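Shared between the two complexes below is subunit A, which pairs with subunit B and subunit C, respectively.
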Partner chain A sequence: MIAFHSPQTLEDASALLAAEPSARPLSGGTDLLVQMRSGRVEPAAIVDLKQIPSMRGIRAHDGGFAIGAATPCTALLDDAALCAAWPGVVEAANLIGSVQVRNRATMAGNLCNASPAADSVPALIAADARALVVGPAGEREVPIADIPAAPGKTNLAQGEFVAEIRLPAKSASGGDAYLRSIPRTEMDIAVVGAGVSLVLDSSGTCTAARVALGAVAPTALLVEEAGAALVGTGLDDAALDRMADAVRAACNPINDKRGTVEYRTAMAAILAKRATRIAQSRAGANS
Partner chain B sequence: MTEHNPLSQFRVVGTRPVRPDGIDKVTGKAIYGPDHVAPGMIHGAILRSPHPHARIRSIDTSKALALPGVKAAVTGQDLPHLPGKSVSLGEGEADLANLSCNCLARDKALYEGHAVAAVAATSASIAREALKLITVDYEVLPHVIDLEDAARDDAPILHPDLRTQGAEEPSDKPTNIAFTFALKQGDAAKALDGAAAVASGRFAMPPVHQGYIEPHACVASWNADGQGQVWCSSQGPFMVRAVTAGVLDIPVSDVRVTPLEIGGGFGGKTTIYLEPVAMLLSRKAGRPVRLAMSREDVFRASGPAPGLVVDIRIGADAEGNLVGIEADMLYDAGAFPGGGTMLGPLVLSNMYRYPAVDIRTRDAVSNKPSVAAYRAPAAPQITFAIESCIDDIAAQLGMDPIAFRLKNALRPGDTSAMGMECGEIGFVECLDSANAQDHLKAPLGDNEGRGIAAGYWINIGGASSASVSLAEDGSVAVVTGNPDIGGSRASMAIMASERLGVPYEKVRPIIGDTATIGYSVVTGGSRTTFAVGRAVVQACDTIIADMKKRAANVWQVAEDDVEWRNGAVHCTAKGNDNAPMTITEMAENANTTGGPIAAEVSINPHDSLPAYGVHICDVAVDPETGHVSIKRYTVVQDVGRAIHPDYVEGQMQGGAVQGIGWALNEAYIYNSKGCLDNPGFLDYRMPVASDLPMIDTVIVEKPNPAHPYGVKGVGEVPIVPPLAAIGNAVKAATGKRIRELPMSPDRVFAAINGGK
Partner chain C sequence: MSKIAVTATINGDEQEFLCEPGESLLDALRMRLNLTGSKEGCGSGDCGACTVMMDGRMVCSCLVLAPEAEGKRIETIEGVAEGSVLHPIQRKFLEMGGLQCGFCTPGFIVAAKALLERDPDPSETEIRYWLAGNLCRCTGYDKIIRAVQEAAAEMRQERVVS
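Here is the complex of A and B:
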């Protein structure tokens, strides 16, 4: 028998999760239910987070955005301000599965499922997003990259869950983008993903850049050297080549049914370059 | 929409009425394999081997049986041992011992997912729990997955008593090579050594799955008096009956099989996996038992189509005449013999004229699921190699690829290397039609390429039964024994409507169970509209003859003075003013003219004609990532005659799409432990809708004289050309000839960057 809880408050949710070691939070269920049906996880309790009012919807926060962790990916598309500020994050979340899947799936679920190939995660890392973590000990704000620990494992403690995804205020002349490589055109898992967020000054010189990669290491990576290779340049081809070198150097993928080490490494560099160009045009269009 | 083409010689044939099974399907009322419920039914579950190759020392089901709710448990020891016995399936024999061992392993598990035990319980969850309580003592054996490894002398042996069938020098050494066949005509080596243009290479492709949406499922009920019933979806209830009775070693008359609606088969449901096991469980439990596969089970334990490795060499003289072909084919059989057998050589020789031929084909067993038929079995694989080489030779000679094929194509009157006497085949007509398509003239962009490829498929006939009976209001019931997997009910209704002169809507096509209609071989081999359709038309003709006789009686004229026209009998006797009697009137008055009007016809035609098709494909290849996208695709095919053009086009499109998936991304991927790594649609990558353009279709009609309306059979050949059509398009876009499937992004990327 599985206990199913629908708490109305963050505190109740945390208490229910803390009470049962095998309990699992449920957002969209597009990972959790599939894993339960296949027998991969057998939780004794499920704690549905969707009935907690503060966990649904998008609101302004600190000049940026606070996205309730139970907000489905397609709902992000309805928020014009969010789409204008962080198009890369919104498009990453809306590459997941199909429309039917995205009507349920959430970015927080994508993050806490801790797949190295999760699509929204590199985009969130590039955007310097944070997770508001709620637990028995109260709240803490954690950089996105610090949530996943290993494939299928997070750094969340017993009773902790993600209540919000927080995106910072967007620089007036910033832009972001996310691209992934899949063999098909949808309903597939990223062989490689690359998210880029950058800021340009009025002359087109890059003043800040973050490059993040998915599916090339046990967790999504922020590649600081890749961002650094872009900062101070006009994003000329040579700068992008140096960025691509840093990306390749950071890759530590596995050979598996979804791709070879060589292919993943090569694609990471190519996608990072292509995403940089898209982010650049978005930043330019904004400035 | 039943629109009549005034130029057509037919009233209904060639129109596109709504399919009789459509409403039930789109409203969710159709009852598919996993939907059937019998009173008192309980739920079965199957324990499957986690090892690709292991001896089963013992199986202990006692703890499972002790679990409350568990009603029965069975293992391979509960099935009769049937060494050397076979069962006739109408189109060839099947080895019962192997079929039985595939349903439940006897002493060895031969692939990961091989069924080793089964239970039945009052709920599906209790049955699943019970499986965990079964202990199997396995002795894990070395396994072999790779096809070429399996064929080596030092490979782990799957079946110690297997000897190569067809070997020139019989050997008593155990082997994994189950079958071999060679054909030599002329001196191919010499012809090729002297050829002006030669293309050659080793082509390799892994197994792929049929990918039907509906998993295998059945309900079986076996009574104490020995009578059994099975409800399941399959491509042939008579096949299910024969194999179930055969594996259980009971009289065929003790098994009645009722076909349920089928959710895709593509050849994969021309065999069985569950039915004898469900029967055994039912007998032990005294209740009807349902067994149903999960998607993972389907991938691990059913299908797939065989992989192939082939070394091939084809050459032509300077004028573009083919001079010879050499090919050494090795087909994958999976766990039990029966991979490519004679089909590879047949396909290879039935496209072009070759003055010299030197071919060999072999089947090897390996620790993978036993292969099953998949749309034009064995043909897409070997055609990938042939049509890639044909394209390369045309390029070497500077000839147009269609002109080169036209020069060498088999024509009516030719006899192929395998002895096929070409009747009214339409290969040349397809090539001519392809040549006339606008598609060939459309401009291509950067990194785009266009490929064409042809394909052949044999198309069979075979045992077929149909009954036609008039209801008292003149409406018509048409019963056949062939499951409808491609719109065949609509086609049967159209042919009966055409013949009898009644509206299409007044014809109800029904698929009977094995006790209600005469024997019929499976829906497969693109045979149904040809052979079963012919039985339907003959049954219509029989009742027409009967009605003419009755009319002659009523009118007191000679039978020769009665004519059948436009759904009515007409009196042609001089000086006679008898008003015509319509079929409705004949039906209404049947009981005063001799009783019910009905006929059943069973036939066994073998004068089917093969199908040919030509596909044109445009691709764009991303030079940085190796992604291939299909930009435009046209299927040209000779169908004899399209009875219902919608379903003919649907077959052409569906076959092409399955071929596109096979070409680009589908593959069985095994890990080092010999286990399937992608047993689901996430990583077994069939195309999704957004991967595909609209597939354009061009129907060529060169009628088959052996069918009343000219049907040739359409379902299989469209899967044959796509692998090479895409390979040829990728070559045109990148300059690289890819000889291994799938042409996934990483492989194309490696080809572009590896220079090969």
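Here is the complex of A and C:
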């Protein structure tokens, strides 16, 4: 028999999760309930995080945004400031599943489910977002890329959970984008995903760039060499080709029915280039 | 552990029911409240046959735990018609052959109603994307899309020139 808990504070939630090794946190439930039904997880306790006030909603934080971990993906669309600052992140989160699923599913859940194909994760990594992790030992802020450890596994300790996703202040002349490849138009899992975040100076020269990939390795990747290939350039075709080379070199995908190694590797480079152009136009529009 | 008592507003009426902690809202609606209009197609959020409104947002009730409904406002297919008067979307589905076996229909009706309440004049593309989480294996979708368009037109009190 499962126990169902609805703690009101972060401390109580952490204590409940720490007390029962098989306990699972619940926010949107769109992965957890499917896993429970299939028997992949059999938690003795479910800790619903949605009654904790700070877990819901979006607030200004340090010039950027703090998004409560139980905030559903569709609620991001209702925040005009967030959509203006980080459109790639909001779009990535709203590629997940259907409207029904996105009305429940959260970016924090997408992150902690630790699927290599999670759509919001490369976009968050590109944006240099951080996760506020709460646990028995207190709070710590962790780069998004450091949360997933392997498919289905995180680096969170017993009793720890993600309480917030923190997005930094957006540069006035910055832009971001996320693209994915799927064989359908909706309701599918990324075969490849690419997130890019850029900052341009007044002459259009790229002064900072982060490129992140999904579904081409056991976890979403930050490809530092790909970002470095763009910095200091005017984002000419040669610079994008060098970026694409770095992307292909970083790919280590699986071969499965949804995509071969060759396809995923080639598409990662193409999507990273396209996402770079979108991020560039967004950055240009802002400068 | 004993069952959990849940109080929720279902189709406008406050209702209390007892459920298991790990029970889905869909099972509670069907088995405890005898609201069997919402269907289980897949149980994994892929098909949308179990679509209901929860606090004004459509969700797959198979992916909601029944205890999560505490204090929520739930609207199901049973609340769409007013007595014996069908909602325009229901009537257009009937008139235009927007269903064959009917298993997916409750989910499509609830989802289409949610769309038209937020956007009275969606494009065909917007309708198709909005309904992407509802699967139909009979109709091929076209008749469903036409029915939603016709219902939208009627609800806008316009006449579509055919």
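Please note the rule applied: the second predicted complex is superposed on the first by the 287 of 287 C-alpha atoms of A that agree within 3 Å, B and C clash if a C-alpha of one lies under 4 Å from a C-alpha of the other, contacts with A are read in each partner's own complex, and residues count from 1 in each chain.
Basically, a contact is a pair of C-beta atoms (placed from the backbone, for glycine too) under 8 Å apart; a residue touches a chain by one contact, two chains touch by 3 or more.
Since this is a predicted model, take the numbers as computed values, not measurements.
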For A:4, is the partner it touches subunit B (first), subunit C (second), both, or none of the two (neither)?
-> second
Considering only touches as defined above, state whether A:272 meets subunit B (first), subunit C (second), both or neither.
-> neither
Have a look at where A:198 lands relative to subunit B and subunit C in the superposition and call it first, second, both or neither.
-> neither
Winner by number of subunit A residues touched, once subunit B and subunit C are compared = C
Considering only touches as defined above, state whether A:33 meets subunit B (first), subunit C (second), both or neither.
-> second
Taking the superposition as given, does A:186 touch the first partner, subunit B, the second, subunit C, both, or neither?
-> both
Footprint overlap on subunit A, where subunit B in one structure and subunit C in the other make contact | 185-187
Using the touch rule from the top, collect the residues of subunit A that touch subunit B in their complex.
-> 38, 181, 183-189, 191, 256-260, 262-263, 266-267, 270
The subunit A residues in contact with subunit C across the complex are 1-4, 6, 26, 28-30, 33-34, 36-37, 46, 48, 50, 72, 74, 97-101, 103-104, 185-187
Residues on subunit B engaged by subunit A in the complex (per definition of touch) = 296, 624-627, 629, 664-665, 669, 677-678, 681-683, 685, 687-688, 690-691, 744-746, 749-750, 753
Per the touch rule, the subunit C residues reaching subunit A in their complex are 1, 4, 20-22, 24, 43-46, 48, 51, 54, 57-60, 62-65, 67-68, 70, 111, 129-130, 132-134
